[in-house]
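A single structure is presented below for examination.
Lettered A, B, C, D, E and F in written order, each chain numbered from 1.
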Amino acid sequence: MPYVNIKVTREGGPGGNGPSPEEKARLIKGVTDVLVDVLGKSPATTFVVIDEVEMESWGIGGLPVPDFRKQSH
Amino acid sequence: MPYVNIKVTREGGPGGNGPSPEEKARLIKGVTDVLVDVLGKSPATTFVVIDEVEMESWGIGGLPVPDFRKQSH
Amino acid sequence: MPYVNIKVTREGGPGGNGPSPEEKARLIKGVTDVLVDVLGKSPATTFVVIDEVEMESWGIGGLPVPDFRKQSH
Amino acid sequence: MPYVNIKVTREGGPGGNGPSPEEKARLIKGVTDVLVDVLGKSPATTFVVIDEVEMESWGIGGLPVPDFRKQSH
Amino acid sequence: MPYVNIKVTREGGPGGNGPSPEEKARLIKGVTDVLVDVLGKSPATTFVVIDEVEMESWGIGGLPVPDFRKQSH
Amino acid sequence: MPYVNIKVTREGGPGGNGPSPEEKARLIKGVTDVLVDVLGKSPATTFVVIDEVEMESWGIGGLPVPDFRKQSH
């Protein structure tokens, strides 16, 4: 009966604007497999929800991601 | 002091692209009423937040919802 | 395919330490019914997860709930 | 190792359609500073994620925010 | 910069009261690997947070999990 | 109408088992002030919910926090 929420910054992927449908399908498959393998959960009652977050809305080190990366270089 | 977060796939509704404002208002009213009826919570401090999730970003059975439904038929 | 997360302060209920199992069952039933009635969702793929939060860990008005209530009187 | 999720209604800001990038940067800086000051957390492992929620998708008092505000006047 | 939240019912594991520390470590490793493999994310900025939820606080099919399972047999 | 969820590892504080009530009160006050200062939000409708997460249930770098810290030394 697991519920998994994955939040990633909206970047990368084929158009640079986030994971493609194929990448999302692989995330869903991969994470579900981990739950099945480690805890023996049933895939039928395993939800995986992927949220994409704008880069300017994600902070690390006290800065939005774009500024944090500039500063790290 | 309850906080309720409802996540649904973005589908259905009048245009097929998710719940209408009227449906969201009914969800908010219905869920708030349940909190009031069962736990005696005050509506004034009950938040309900509805998130709509793209079909391709929601997984069940190890598959994105559209693939899961095809497979189930 | 809905997922609902309900967060409430850990108070009330028969022992004053949070909702009883019967109250939780009624919350789950009530919220699921709202999703079914308003959006036609299937109960079989509707998850409801209830989190209880210590009073001192919930803030409103810039204060933990116990202090907020004292101040409001 | 903190993770902070801020949900706000999509309103206000320079165009009336939500916080500007500068406001988001100030939110991220301000909240990270609080975690550092109060708990001595490291900014490098402090994530802040800001979600903007449509007004019609946020309920309070059993009503969507726009209806709640009309009623309060 | 991913954040993953895994919610599971508190059951199974060596004592029947939820995943062991070793199982949690394998969940963390497995899910992080999926993010690295599919999206090329850096493990250093990948957070995985596991929440265990009491069986009576998790609903499916309009029932708490223990009642749902009884009914399914 | 903001909702803020703060997740921290259960450590530190006076007994080494997480933030004290006073520290939680300061977190709630500090974060609410940021929302008021930056976005002009009303404290009366600003919720702050603090979750403490066991160290073994929080992963970074593909490892539970205790293992990650050992490795980093």
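The rule we apply is simple: a residue touches a chain if its C-beta (ideal position, glycine included) is under 8 Å from a C-beta of that chain, and two chains touch if they have at least 3 such contacts.
All of these numbers come straight from a predicted model, not from anything done at the bench.
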item	value
Any chain that touches chain E and chain C	A, F
Chain hops separating chain D from chain C, counting only touching neighbours	2
Repeat of interface C-E, chosen from D-F, A-B or A-E - more than half of residue-number contact pairs shared	A-B
Self-contact between copies chain D and chain F, residue sets same or different by half	same
Centre distance in Å when chain C and chain F are each reduced to the mean of their C-alpha atoms	21
For chain B, residues that touch 2 or more chains besides their own	1, 3, 7, 27, 31, 33, 47, 49, 58, 60
Touch-based graph of the chains, sorted into line, ring, star, complete or other	other
Pairwise chain contacts under the document criterion	A-B, A-C, A-D, A-E, B-C, B-D, B-F, C-E, C-F, D-E, D-F, E-F
Chain D - residues contacting chain F, complex	1-9, 12, 19, 23, 26-27, 30-31, 33-35, 37-41, 45, 58, 60, 65
Parts of chain A lying in touch with chain B, wherever the complex brings them together	21, 24-25, 27-29, 31-33, 43-44, 46-52
Chain C - residues contacting chain F, complex	7, 53, 56-64, 67
Chain E contact footprint on chain D (complex, rising order)	1, 3, 47, 49
